[in-house]
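The first chain written gets the first letter, and so on, giving A, B and C; residue counts start at 1 in each chain.
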Amino acid sequence: MTHEMILAGFGGQGVMLMGQMLAYAGMIEGKHVSWLPSYGPEMRGGTANCAVVVSDQPVGSPLITRPSIVVAMNLPSLDKFEGSIKPGGLLIYNNSLIASKPERDDITILPVPANEIANELGSDRIANMVVLGALLGTTPMVETQSILAALRHALPPHRHNLLPLNEQAIKRGQELAKQ
Amino acid sequence: MGEKILMKGNEAIGEAAIKAGCRHFFGYPITPQNELPEYMARRLPEVGGAMVQAESEIAAINMVYGAAGAGVRVMTSSSSPGISLKQEGISYIAGAELPCVIVNMVRGGPGLGGIQPAQGDYWQATRGGGHGDYRVLVLAPAGIQEMVDVVQDAFDLADKYRNPVMILGDGMMGQMMEPVMFRDEAVTKLPEKDWATTGTRHHPGRRNVINSLYLQPDRLEEHNDHLQRKYAEIEANEVRYEEVDVEGAELVVAAYGTTARIVRSAMEAAKQAGLRVGLIRPITLWPFPVEPFERAAEHAKAFLSVEMSAGQMVEDVRLAVNGKKSVHFYGRTGGMVPTPEAVLAKFKEILGGEA
Amino acid sequence: MAKVFERPKALADVVTHYCPGCTHGIIHRLVAEAIDDLGILDRTIGVAPVGCAVLAYNYFECDMQEAAHGRAPAVCTGIKRVRPEAIVFSYQGDGDLASIGAGEIVHAAARGENITVIFVNNGIYGMTGGQMAPTTLVGHKTTTSPYGRDPKLQGYPVRIAEMLATLDGPAYIERVAVYTPQLVMKAKQAIKRAFANQVEGKGFSLIEVLSTCPTNWGMAPVDALKRVANEMVPYYPLGVYKDIDAKGEDK
């Protein structure tokens, strides 16, 4: 199975980290992975995105033009990437911040009120983990434990107290996806 | 081999250089290679070295000249416009026969161009780049693990031939993350450099001079002949490439670096469509792998060079195929990256199928 | 019989290519004497410029590197950073240091690189045949200012010692001349101190030496020396411009 994903949002919404955690978790599980960020002026406060591949096969192009999965954390991201998703693919969008509805009818669409759930849990900053949970709930490409191991690696030791909160956020996202 | 870790290309180069015994780095900021000098600035002091941010790319390459002449393993990096500035120094380094490693994370040009991935510096890299008759070994990795491997090799090649070695990547190779493993044993014993300017106390009775000036034409020609013999030896011994499904292929594609990855994706789709497409992926761009193209020209119907340029490597492919078969080209420029779909369409067009 | 004068050990026993009457020979000797006096020959690495001193790598008995035009301070930086125990000096002319290499010298000085720079200022491009230099005085005729340097067309000469002394990086900057025996002795002391500073780890030292070019100035050697005294010194005053050891006495 090859998952070709584009994760997009405002700079600061944590889409780059979300992508890295997926790649890292895949690597831990012995899968082939790549992570490719957008870079340049668009990174300075504008829309950022990364392309992530998690696969059983060696990764060909790390640049994704026809993703099987898109995560859109804000409206510009939805506008930019909705049309590129392969028929039968998956779109997860953050309906805490996106009022309009996607138009495609040939893909699976999952709205996630990521900021609302994150705020309920006590921190707006874990909205990305809620969405990551929703992604794993819909498409279980890696184990939650691998994501947590990746987070443990990515966060400096003095931030490890945040790990349980991140785990909760992922769980909430997974539960939402299963409803 | 050590533990597998996920690393950005630019940072993986830095760590690989350190593992290869490089303790000194001279650089100047330019996108999309900034993570490399930043990594070195952070990491080199931990291993007893230093990164110096020079006042310009010109100064940086001349610092490399001084350091390489003083006998240590040294590296600099930049991206296209900055590499143009470095060409003066690279010519001097080649003329004075100093070993060093230069990284070019190519971006779109000409001029200030853009900051997205490109391969428009192929000619500059493989034809020397600056003034005079000289060559630079050029290694073009197509993934982060290979990036690590070629960086470690690059320092050995530079020392072996007393010649600059260039790592030719692009913005995508620099920015992307993939799992990598580093060779376990870091280099501890570096090759003897009895020619280096280390002070005569280290080589009593002999004065070492680093120089590329020969005012007598016969002496300069002698020096140039020596360089050419060295380049011939490199051409004979150091060609590296990868072949994928070339045997029995009707269409043989040439692509390096990022583009080779895209071609691999297109080849997967081509296989499902029943097309017989092979890939020759040069890893050394100079010396160029002529021989696999000569072999493939015996059976393939046609060749195709896919590049992020307006058509540069395609000239080397034509020279290698030597008129035996038709050689086609597909390229994008300006930071536009060919898509697997577009490359597949080109396969079909050449092989006479529907696009 | 006691020997009272001999060739410094650091100076190679070869015939130089310098023109008769040019003071490069004196300045080379002073550099060599300073190296001998400090006993540092076997750990000294010199960097030659592009210009009249391009062949300087043949004239000193230490390891040498030949730099690209103007880049000697960058080459010195590379050497010194990887061989901090070495004594590293550059020997550069005015076209090399003050024109094409202006960026390199300013930033080596600003970084306070622990190196020694010998800057030979004769106000002209000698090796290439007498073109205007950044230090050519107003009114002076050269092959590229055949009607005399006109500030409206060619701007003003650059005072390197004064300019670099405004930086916090340098430890020691002095301008000297070599047109009388007394001044030669003074220049020797300055050059020796510029090397001693490096031995002591004090940082960037630059000695600007006002020099002659009888050939391209079209003058007899003695007249050339008089021109330094009468025309150059008024525009390029001799003296110490930066000295971290002379608290509060900087010019």
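Quick note on the criterion: a residue touches a chain if its C-beta (ideal position, glycine included) is under 8 Å from a C-beta of that chain, and two chains touch if they have at least 3 such contacts.
Remember, it's a predicted structure, so these values are computed and weren't measured experimentally.
Under the stated contact rule, the graph of chain-to-chain touches is a line, running from one end chain to the other without closing. Of all chains shown, the one whose average CA position lies nearest the global CA mean is B. Put simply, the chain farthest from chain B by mean CA position is C.
Measuring from the averaged C-alpha position of chain B to that of chain C gives a distance of 40 Å. Mean C-alpha position of chain A lies 34 Å from that of chain B. Remark: chain A and chain C have CA centroids separated by 62 Å (rounded to whole angstrom). Shared contact sites, meaning residues of chain B that touch two or more other chains, are absent.
Counting partners per residue, chain A has no residue that reaches two or more other chains. Annotation for chain C: no residues touch two or more other chains.
Interface of chain C with chain B (complex): residues 41-45, 47, 54-55, 57, 61-68, 71, 74-83, 85-86, 103-104, 106-107, 111. Those residues of chain A that touch chain B in the complex are listed here as 20, 23-24, 27, 33-37, 39-40, 58-63, 65-66. Note for the complex: chain B touches chain C at residues 23-24, 26, 50, 52, 54-56, 58-60, 62-72, 74, 88-89, 92, 96, 197-201, 204, 207-213.
Within the complex formed with chain A, the chain B residues making contact are 4, 6, 31-32, 115-116, 171-172, 175-179, 258, 261-262, 264-265, 268, 337, 339-341.
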